[in-house]
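Both complexes shown next keep chain A, but they swap its partner, so chain B is in the first and chain C is in the second.
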Partner chain A sequence: MSEAVLEIRDVSLAFKGKRSLLDVLSNTPVKNVNALNGVSLDLRQGETLGVVGESGCGKSTLARCIVRLHEPNGGSVHFHGMDVFASHERGDRTYNRRVQMMFQDPYSSLNPRMTTGQILSEALRVHDMCPEDDVPARLANLMDLVQLPGDALEKYPHEFSGGQRQRIAIARALAVEPEVLIADELVSALDVSVQAQIVNLLLDLQDRLGLTILFVAHDLRLVRHVSNRVAVIYLGRIVEIGDSETLFASPSHPYSQALLSAAPSLDPDDKGRKIHLEGELPSPLDIPPGCPFHVRCRHKSPKCTTEQPKLRPIAGRGSVACHHAEEIENV
Partner chain B sequence: MTLRSVKTPLLEVSGLCTTFGAGDTSVPAVRDVGFTINKGEILGLVGESGSGKSVTLRSVLGLSRRYGRTTGSALWRGENLVTLPESDMRRIRGGEIAMIFQEPMTSLNPLLTVGVQIDETLKAHTDMSAGERKKRAIEMLDVVGIPAAGSRLFEYPHQFSGGMRQRVMIAIALAARPKLLLADEPTTALDVTIQAQILDLILSLAKDFDMGVILVTHDLGVVAQTCEQVAVMYAGRIVEQGSVRSVLREPRHPYTVGLMRSVPQNVPPRTPLYSIPGTPPSLLSLPDGCAFAARCPQRTAGCETGRPELETLKGGRSVACFNRVEAKGGAAA
Partner chain C sequence: MSDTTISRGNVRSQRRGRVQIAFRKPGFMVGFTIIAISTVLALFPGFFAPYDPNFIDYQAVRQPPSWQHPFGTDLLGRDSFSRVIWAYSVNMQMAVLATVFALVIGVFVGALVGYYRGIADMIFGRVVDAVITFPFLVLVIAIVAVLGPGLINMYIAITLVGWVYYARLMRAEVISQMANDYASAGIVMGYSDLRIIFRHLLPNAITPVIVYWMTDMALAILLGSSLGYLGLGAQPPQAEWGVLIAEGRNFITTAWWLSLMPGIAIVLTGLGFSLIGDGLADLLRPRG
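== the complex of A and B ==
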C-alpha cells in the first residue's frame, strides 16, 4: 500500500452557537454545532477516497478543514509528515498550492468580473508558478488539459454552461500543480451526461498527473464509480471506511446499509430490499449519547445507548464503528 | 401491466406550446407537448435542465401566462386550462390541481406559520369551518410524517429541516385533496434516505386518494422506482414516451439511450463513462431538423432537414426519431 499523503487524526470542529441576551439572562448554556467529532483517515498517494453521507453530516466541513478554510478545535492534519495547523506553518503557501479545493457551485465559485484567462493567471502569479513570459503558453496548455477551446480564455464565467465552469474550476486548481485535489460535490449541480464528461476528465487527469483525490459527493453511484476507497460519515464521525467495491457490495454498518439501499435502482423491477430509516438526522446541536445512530438503528441494543463504538477493523471488510458489526447480516 | 379495468383520463394535454418573448427574440421553451394522465397514475417527465420539463408543468397550471404565451390544449374535466380565464383558474389551482415546487427552502412564506399556510389553501378551496380546517391541517402533517403535528402547526418554516419543509409543501399541496398533483423535482434538494421516504409517501397517497401525479425529475432511478409512464423531453419536445418498464429496458430514441448510458451503473469502476457528445442546442436558434441531430450517433442526412414527429409504435410506445434504435428482443412491449 502506498504511503499516506494526508494523515487526518481525531479532527473535531464545533461551531460556536449564537447567544442572545435572553439566553444570557436565562442562563441557557451555549449550544455548539458539533460538525466533526474526531475524524481520522489517511489519504494515500494516488488514490481516490470517496466521502459520502447525508447533508449536515460534516463531509463538506471535513473538506474545508483539510484545505485550512476552517481551523479544527482538536486533532491534527499532517501533509507528508508536516503539521499543517502548526503555528509556524500558517504563513506557508506551499501547502495551499499542493492541496487544492474545487467547490460545488460553479455559479458562485468563479469571479464574475474576471475572464477565464485572468482567473487562471491570478492563480499562477500568486504562487509564482512560472515566469511572466510563459503565462500565455501555460494558460493554453491548461485549456487543453481540461478540453476547453482556446478562445475560452477571453470569456467571462457567465458565458459558460455549468459543465464548462466546472472545467474552469478544475483548470484553476491544476494551474498550481497540486498533488491533492479536494472535490466538494464537484458534479452535483450538473446534468447526468455532463457529469459523465467531468468525471471522465477527472479520472483521466488523475492518471496522467498522478493526483490524489478526496471526492465528496452524495451521489452514491458516482462515488462508487470513481473511488478506490470510501468513507461513510454520520454526524461528524466516520462509521465505516474501506475498499469501495467491498463496501458497496456488502456494507457492514447499519447506517451504510440503509444509505446504500435508499439509492433508487434504474431497473423498475428491482424494488430492492430497501431499509427504511426512521426519522431524520439528529441535530448536530444535540447529538445522542452512545452510538449517535442508535435512535434510527434497527439493531440497537442497550449497549448502543450508552457506549460509543470505536472504528475498528473487521476481518475481510474495512473498518466499522458498530458494536454489532460481526452479528449484523450483510444485505 | 397494471390490472386496472377502466382507465379514466384525468388530464389530456395536446399540442402544448409555451414561448417566452424578449424583444425581437422568442424562446420556444415547450413545443407541441402532449400526454394523457389517468386517475391514480404516476407520469415521469425527464430530461436535462432547460429541456422544458418545469415549464410544461407551469403551463398546465397557467403559471407561465404572465411572461409567456401558451397555446394548445390541456383538457381538465371538459375545460381547456390553457384558455380558461384567470378567475376560474384560481379555483382549480391549489384545489383540484396542486403543485409542489422544487425548492422547499424558498417556496414557503418565512413570515407565516406552517399552520397558517395550510389553512390558506383550505380557506380558498373548501367550505370547512375553522375547527375542521385545523383538524385537517393536523391530519395532513400527520399523513406526511411530521411528528407532533399538533404543536408544529405554530412553527415557522425556518424551524423545519429541508426534508421536513418539503413535507410541509406536500401537506399544503394535498390539503384540499387535489385530483392531480404536479411535483416539480420534489426530492432533488434532499438526501437519498429522505428522498426514499418522500417518494414512498407520494406513491401511497396516489394510491389512497386515486390521485394522478406528474413527477418532474432528472434522476432516471427515481422514475424507475416510482412511475408507471415516462416521457423523455429534449429541447422542449417529447422525444420518447411509454411505460417505464419498456422505455428503461429498451430505449428506442438515441437520446434516451445516451441518458441511460451516462448513469454510472453496471459499468466497471474507474473506467470512462459514456457521455453524450456536445451540448443541448440553444433554444434561441433551434435547428430546422431534429434538435438532437448534432449530438446523435445515428444521424443521417435526413435528420438535419426534416423533423421527426412523435410516432406511436406497437405496444403504446411513441418515439420521435427517423432512425430508431432497434428493439433488442424484436418485440417491444
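== the complex of A and C ==
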C-alpha cells in the first residue's frame, strides 16, 4: 500500500441555519445543515479515488473542504503530515498550488474577461513556476498537454465550447504542477462523447505526470471506469469504501447496493434485481439517530435505530459502516 | 474531434466589431456627439466664444437675440452666448470632478466589503442606510453650508454623499460575481485576496457602476447648477449655467433668453450622458 498524500480525519461541517426573530423569541434551536458528519479517508499516492453519492450528500462540500474553500467545524486534513487548517498554514499558498481543484460548471469557472493565455500565464507568474522568458514555451506546452491548438491562447472563454473550457480549466490546474487534483463533477455538464474525451485526457495526464486524483461524480459508470478505489457517501458520512472492482461487483452496504442497482444497465435482458428504496432521503437539517440509513433500509434491526455503525473493515471487501454487513447477502 | 477545433477569427477585430455595433445605435451616436462637442467647447471655450464672457457693455443691455449676439445680452450687456460657452468648462468640470472621486472611493469600498463581508459589511450597511434616508440635495446643501459656498466645497460635499451610491452598487455586483466558480478558482489557485478582488472580480463587476457613472455625471451637472442657482456653488460673476439662470430669473418675462439658453445647455448635456450610459451598457457586457 502506498503512502497517503492526504489524510482526512473526522471532517464535519455544518452550515449555520437562518434564525428569524420569531425563532429567537420562541427559543427554537437553530437548524443547521449538517453537510459533513465525520468523514475520514486517505488519498494515496498516485491513485484515483472516486466519491459517489446522491445529490446533496456532501460530495462537493468534501471537495471544497479539502481545498480550503470551506473551513470544517471539526476534524482535520493533513497533507504530507502538515495540518492544512492550522492557523499558521492559512497564509501558505504552496498548499493551494500543490492541491488543485477543477470545477463542475465550465461556463463560470473561467474569468470571462481574460484570454486563455492570460489565465494560464497568471498562474505561472504568481507561483513563479518558470523564468519569465520560458512562459510562452510553457503555455504552448500546456496547450499540447490538454490537446488544444496554440491559437486558443489568444481567445476569450466565450469563444470555446464546454469541453474546450474544461480543458482550459485542466490546463490552469496543471500549470502550477500540482500533486493532487480534485475533480468536482468535472464532466457532469458535458455531452457524453465529450465526457469520454475529457476523462481519458485526465487519465492520460495522470499516467504521464503521476497525479493523485479525487474524482467526485454521480455517474457510477464513469467512476467505475476511472477509479482505483471508491467511497460511497450518504448524508455526509462514508458508508462504504473499498477497491473499485470489488465494490462495484459486490457492494456490501445496503445503501451501496441500492445505489448501484439504480444505475441503468446496458443489457436489455437485465430486467430486474433493482432495489427500490422506500421513503425520502432524510433532510440534512434533521438527520435520524442511529444509522442515518435505517429509515430506508430493508435490513434494519432495533440496534440500527439507536447505535451509529462505525466504518469497519470486512474480510475480503472494503470498509463498511453497517451493523449487519456480514449477514447481508451480496446482490 | 469537433471538440478541439476552433473557429478562426481575430480577437481584436471582434472587439472593434462591438464598437462599430454600438455606434450604429442612433441613441449612443447622438449621445456621443453631444458629449464630444461639449467636451471640445469645455476645453477651448475662448476659441468658440465671440466675446469675453465678463466684458461689460452698458451700450448693449438686455438685447434680444440678434446676429451680433445670438443669445442676446444680459443686464450688464455681457454677451449671453459667450457666457453659455464659457460655462461649459465649469459645468463639464463639475460632471467629472463631482463624480470621479466618489466613483473611485465607492468602487474600492464596495469591492472590499462585498468580498470580505463580516463586521465591516454590517457597519457599511448602517452608513448606507443613514446616508440614503436623507434626500440627496438636502444633505449636500447641509454639508456646503458647513464648509462654506464655492466650487471646491461643493465637490467635497457631493463626493461625501455620492460615494455611498457607487459602493452600494459595487458591493452587490461583487457579491453576485463571487457566486461564479472563477472566484473560487482564484482562491484554489492560491492567489492573494487583492488579486482576486481587483484583477478578477472588479473587471466583471464594474459595468453597472460605469453605466451609473454616466447618469451620475448628468445628475452632477444638474446638482451643480442647482447649487449655483441657490448661491452655494459657483459664485457670480463666474459663468455657470445655474448662476446664469439665476441672473435671468428676474427678467424671465422680458428677457427670457437669459434663462432659457443655459437651461437648454443643461438639458442637452444631461441627455448626452444618459444616452452614452445606455450604449455603454451594451458595449461593456461580457459575452458567453
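Everything below uses one rule, namely that the second predicted complex is superposed on the first by the 330 of 331 C-alpha atoms of A that agree within 3 Å, B and C clash if a C-alpha of one lies under 4 Å from a C-alpha of the other, contacts with A are read in each partner's own complex, and residues count from 1 in each chain.
The rule is simple: a residue touches a chain if its C-beta (ideal position, glycine included) is under 8 Å from a C-beta of that chain, and two chains touch if they have at least 3 such contacts.
Remember, predicted model here, so these are calculated numbers, not experimental data.
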| item | value |
| --- | --- |
| Contacts of A:269 with chain B and chain C, given as first, second, both or neither | first |
| Which superposed partner A:204 touches (first chain B, second chain C, both, neither) | first |
| Partner chain(s) touched by A:100 [first = chain B, second = chain C, both, neither] | second |
| Touched partner set for A:307, first chain B, second chain C, both or neither | neither |
| First, second, both or neither for A:161, with chain B first and chain C second | both |
| Partner chain(s) touched by A:194 [first = chain B, second = chain C, both, neither] | both |
| Chain B versus chain C as contact partner of A:221, first or second or both or neither | first |
| Partner chain in contact with A:128 - chain B first, chain C second, else both or neither | neither |
| On chain A, positions contacted by chain B and by chain C | 161, 163, 194, 197 |
| Residues on chain B engaged by chain A in the complex (per definition of touch) | 48-49, 147, 161-164, 191-197, 199-200, 218-222, 224-226, 244-245, 248-249, 258-260, 262-265, 267, 269-270, 272-276, 279 |
| Complex interface listing, chain C residues touching chain A | 1, 3-7, 9, 11, 179-182, 184-185, 187-192, 195, 199-200, 203-204, 286-288 |
| Chain A - residues contacting chain C, complex | 64, 67-69, 93-97, 100-101, 103-105, 107-115, 122-123, 126-127, 147-149, 151-152, 154-161, 163-164, 169, 172, 176, 194, 197 |
| Of chain A, residues touching chain B in the complex | 48, 54-55, 161, 163, 191-197, 199-200, 203-204, 218, 220-222, 224-228, 244-245, 258-259, 262-269, 271, 274, 276-277, 279-281 |
